[in-house]
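Right, one structure below, let's go through it.
By letter and in written order, the chains are A, B, C and D; residue numbering begins at 1 in each of them.
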Amino acid sequence: MSRKLRMGMIGGGTGSFIGDVHRKAASIDGLIELVCGAFSSNAEKSIQSGKNLFLPEDRCYGSYEEMILKEKELPEDVRMDFVAIVTPNHMHFPPAKFALEHGFHVVCDKPITLTLDEAIELQKIMETSDRLFALTHNYIGYPMVKQAKALVDNGDLGKIRKIQVQYLQGWLSTLVEKTDNKQASWRTDPTRSGIGGALGDIGTHAENLVEYITGLQIEELAADLGRFGEGRTLDDDGNLLIRMNNGAKGTMSFSQIALGEENNLGIKVYGEKGSIEWYQENPNELITRWLDKPKQIYTPNGNSLYPESLSVTRIPAGHPEGYLEAFATVYKNFATHLTAVLEGKTIAKPDYPTVADGVRGMKFIYASVESDKNNAAWVKIN
Amino acid sequence: MSRKLRMGMIGGGTGSFIGDVHRKAASIDGLIELVCGAFSSNAEKSIQSGKNLFLPEDRCYGSYEEMILKEKELPEDVRMDFVAIVTPNHMHFPPAKFALEHGFHVVCDKPITLTLDEAIELQKIMETSDRLFALTHNYIGYPMVKQAKALVDNGDLGKIRKIQVQYLQGWLSTLVEKTDNKQASWRTDPTRSGIGGALGDIGTHAENLVEYITGLQIEELAADLGRFGEGRTLDDDGNLLIRMNNGAKGTMSFSQIALGEENNLGIKVYGEKGSIEWYQENPNELITRWLDKPKQIYTPNGNSLYPESLSVTRIPAGHPEGYLEAFATVYKNFATHLTAVLEGKTIAKPDYPTVADGVRGMKFIYASVESDKNNAAWVKIN
Amino acid sequence: MSRKLRMGMIGGGTGSFIGDVHRKAASIDGLIELVCGAFSSNAEKSIQSGKNLFLPEDRCYGSYEEMILKEKELPEDVRMDFVAIVTPNHMHFPPAKFALEHGFHVVCDKPITLTLDEAIELQKIMETSDRLFALTHNYIGYPMVKQAKALVDNGDLGKIRKIQVQYLQGWLSTLVEKTDNKQASWRTDPTRSGIGGALGDIGTHAENLVEYITGLQIEELAADLGRFGEGRTLDDDGNLLIRMNNGAKGTMSFSQIALGEENNLGIKVYGEKGSIEWYQENPNELITRWLDKPKQIYTPNGNSLYPESLSVTRIPAGHPEGYLEAFATVYKNFATHLTAVLEGKTIAKPDYPTVADGVRGMKFIYASVESDKNNAAWVKIN
Amino acid sequence: MSRKLRMGMIGGGTGSFIGDVHRKAASIDGLIELVCGAFSSNAEKSIQSGKNLFLPEDRCYGSYEEMILKEKELPEDVRMDFVAIVTPNHMHFPPAKFALEHGFHVVCDKPITLTLDEAIELQKIMETSDRLFALTHNYIGYPMVKQAKALVDNGDLGKIRKIQVQYLQGWLSTLVEKTDNKQASWRTDPTRSGIGGALGDIGTHAENLVEYITGLQIEELAADLGRFGEGRTLDDDGNLLIRMNNGAKGTMSFSQIALGEENNLGIKVYGEKGSIEWYQENPNELITRWLDKPKQIYTPNGNSLYPESLSVTRIPAGHPEGYLEAFATVYKNFATHLTAVLEGKTIAKPDYPTVADGVRGMKFIYASVESDKNNAAWVKIN
């Protein structure tokens, strides 16, 4: 195809953290251009946000409905191809559904929806839709995560026995939601965040990472959630026992009150033949351990990598890629798929999270909350 | 006192791992000399082991009873002052009791006894004994562990909220107990190891480290133990949720099937004002995080340390101390106490693990096994 | 200004490493769009490269002269604002001069020119030009480099005494220039690379980093260059003594035969009050040491940073930024300056490398080669 | 042999740093016992120091001459076997010579003597002596240094091309020699330290480490020494270019004014097939890089080690050994050799530094000072 894909954004006005991330991630590989947006439910603000992004005023809308309906009327070579939904959780499902029903493809931030019911409904919609849906579990975009998965898939680690996964942040150690911190405000509010606090915000990333790398599923879990910030109704901390569907056992720990931690997503997976260890804050190292060899450290574009890892690096070994590039890989893989679809082609094995991953995430949230209510009793995810 | 303390060893014949460690640790600081031993229940072998250690034949005994009874008859300025018990777990209690009853002080490897009952009986004996008893939870001897404890004790971290502790080894990833590996053989045998496998061998170290650093106690736990090695009756892996007696929550994970891990004891403690992170394999760094300062790395004998840490280093900053030195610190503190006692003095606050720590360890083992039998139900430790 | 800046690229056709880097770096912040290119001296190839980038055929030119002359004729609201020169070294000066003379601003890869004479001529041109010129010494774009510089500038380190800087790669350990490796081919060829091999390619980055962070200049140097690859006429390795213009002393080491090293640019600066240490492969940590405090680790967007560092991060602490983002910061600062100029405004203190830095780099190359010819005798840079 | 070796110490009274280190190092492996000492030239003080070490008064002497002469008269099964010289540099040669001439073996701290002439004279003495002489270049005792050497010796790295070695400390950043710091006082005093300051104290360790690991010799060097502390006559900092006798090139940097550095001895060696990197402050990791494999990290007693490394570890993998253990390995290897000699046996390849290493060290000091006086001109070491 001889053109960039055209993206319309929902949410992500000036000052938004995640909207800016999506825009940068979408632009890095030169496959996508932002053409319009419903950046705010206030038309005035939406136009101002659009101006800051050099968008023409008439492509800045005051609501996602307006955007979707008006864009639909534009000539095919002008109108947006897909929407990127970067709003708080309660505003994921309505625009996703509306966009799909009006023929637009969808990229959506996680967790997929406010409630499990919404997620299941979205899954049903997708079953009969020919549109694409991508969920931005961005952390699986790292080259060393791809390598970790490939090591498991190729049997290098042998049968998986033990897992430790953590996602530790400290930014809610104090009651910042009582200041003018918008990020904290909606994330601690069940009407906008859903029944999970840290659980939905970062626990789902941990769950997704484990299942992506190992190819296994969490079969059951026992969750002990914490609400350490005074007055919080949603969890700001969680400790879990997990059992995988192959018999492996492990722990998960996530927190937003782990004081001083910045964004410490990490995972250790131990098999019968080898083991891996990886941390998001130092993403360009994959530590591996073996029965009869010294510890080995893989690096992006370095020696002895699987093609699945090599194919997602952009620059030579030793030139660190970061969070935005990993995020961009989700967009790139989505764009590659969408371009193929628009050209009437098929693609062997699209590699980005979909509605199925979103439903897993919501089931994980619900199972954890149920377990926690029952004093960390075991709850199955199915 | 103008002399070294005299140590008699029980167990630890030629080829023993932990016997050699105890001897080296006891000798580093020049306060203790090995004068006799019951290195084996085979008198011949005991003598041979003693010879390798340059001991005279008549101080090498064929049983601990023989050693204790004969040494007792020796002149006061010749006979041993204390025994060091370095046998497998089932042979801790009998010699400890026998030594105490015959007036000898005791240093004993962990876990303190084979059963909880034995531990409680030992505690009762100690209540009316004027002898000293030290349990070699050696990991608390590290200078950075002392600093971590001091940071907590001085309130620098504020109220503790979250804990992660792990003790990961991989040496039982394959069935080495079926080879001629003596270490593996008795550790996987309940008659010599007790009801805990990895639980007793390393889980108790993790438990002890948490309680030592935080000054808190594990109030209840939910334990999911694994027996991954085919045919093993004892656990070789464990994942636990823990709740501390101040409301803090956390996870514990220990394993001897975490393939490729060597001796990865590590701990993270998060408070309301600061946090610490420490790993035994890199023991000379204590990572600390703060609300409003950059991450700080303390080093032994480096800047800004508490006296409790400074006092246990032997060499200038940048000269790494290791496992043997940490172990030696337990011996040194015990020796300092014992010397004071022998000189009729008292000591403000002896800093080495005692029978109380040993009982905590056994209760931890029993609670974990009970929890595991009930599908990881919560069990209180009291 | 209500529009993106328009970039025309010289060099950087399909398959080029550095052209792709420039395009990605220019696009991340949404301030620049690629509108045209002379991607190859072969018009056919240039068009094909442009197609891959979704450019219209009529904006893909067969030479930089053609591009510059034709773009000049386009309406002001269409034509490119500046050129990005991403060719091998011998093709830096001619297009830079041509572009400036025809009124276009210039971004140019390093080293600035093939020869020192060219660099000095370019500097003279710039003295009377009202156009902007940016040199992409990208490594100074890292947030932790900005923090390091700010620590020096604010006197936190005190007077600088000692410096160690290294730039270690291993990709020329074997004679890859004899395979079809284009990168290796021109870099080992004096007619395209100039008199410096590794010296020009990476040594200049090391020189630039030292002078940027410390605010000092290398006053004299003694260089011992190596040509380890059989048949190489240009250096592939260098070891230098350096003396700074404040009396500080140090070493510099760069190499492309440091087997196994990927892109290990690193620097240590020791002052009378504090010290810093930084490595490009782990760019999100700045290690600092102090007379009376523990070692402190700064992180991008973390605690206690200077505004100069905070202002160049794009995402929250713990979300690693990498090579492309650092590169993008050079483009962003250039774009901000150029936008101000186009709007008739001035800017306090543009922060990107200029022709002066380029001349310093060339003088560094020439001094090093002269020193090396005289058995590493001291040579002044002035 | 059925007894420990008997050591007499010269220097190392109460409060001495290095005396205590020698005593601990000598005692760890249970092969050596301290039996007497001339701890001070003040007989009173010597006796008091001996008392603190539980020595009888009549084995505490007021001078090394007295000790050597009196011990010589003691029965063979009582008198010391060897002396350990732990005095400042100016007091190395006289007691070493005196001890050898009276039939005692010698262990001596580095640098071997005050002057090069003394070193050469000592070498001559040794040529006709049947006594043993060990120089405590302790850093080569680390298991990972042994592994590094074995990798070179076995050709795994191929021909060595490039070397970087550093030994960085910061403890002389301020004028501590003007306080009551005894360590600083004699080390900055040429009458007690010799013509080298940091050069002799730590530069010689760096030189020894390079030559030990690579099996090469520094053929020539260019040294730029610094005297940053006001009023210092001896160097407190040095930067060197080095050329090895196989054509390899490199840098050496040492300093005692590298503020905040503790004891950062480190080395990188790059060959045609592989490379190694090691740091004394984290001694239990040996980083290796390869043409076609990922980076590998060796650990003591871990996978894939050479016997030369395995044979010097005392405890299982993951149980860190430190500075004292590395130091102890020099003593252990010396003791093993001496025991063999006393038993009338020979030993294949004793592995501890000898007088030859000491002479190399002195030549290194003298060449560096000469080079520095001539503005860092090249000076050969022969």
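Going forward, a residue touches a chain if its C-beta (ideal position, glycine included) is under 8 Å from a C-beta of that chain, and two chains touch if they have at least 3 such contacts.
Quick caveat: nothing in here was measured; it's all calculated off a predicted structure.
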Legend entry - Matching chain pair for A-D (criterion: over half of the contact pairs shared, by residue number), options C-D, A-C or B-C: B-C
Legend entry - Chain located farthest away, centre of chain A as origin (C-alpha): D
Legend entry - Computed distance of Cα centres, chain C from chain B, in Å: 55
Legend entry - Interchain centroid distance [CA atoms averaged], chain B/chain D, Å: 34
Legend entry - For chain A paired with chain B, centre-to-centre distance based on mean C-alpha positions, whole Å: 44
Inset, instruction - Scan chain C for residues touching two or more other chains and write them down. - result: 261, 288, 290-291, 295, 299, 302
Legend entry - chain D - residues contacting chain B, complex: 2-4, 17, 20-21, 23-24, 27-30, 34, 51, 53-54, 169, 171, 261-264, 280-284, 299, 302, 314-325
Legend entry - Residues of chain B that touch chain C when the two form their complex: 288, 290-299, 302-304
Inset, instruction - Show which residues of chain D lie in contact with chain C when the two form their complex. - result: 161-162, 164, 166, 170, 173-174, 222, 224, 226, 228, 237, 239-241, 243, 249-251, 253, 255, 257-261, 268, 270-275, 288-291, 295, 375-376, 378
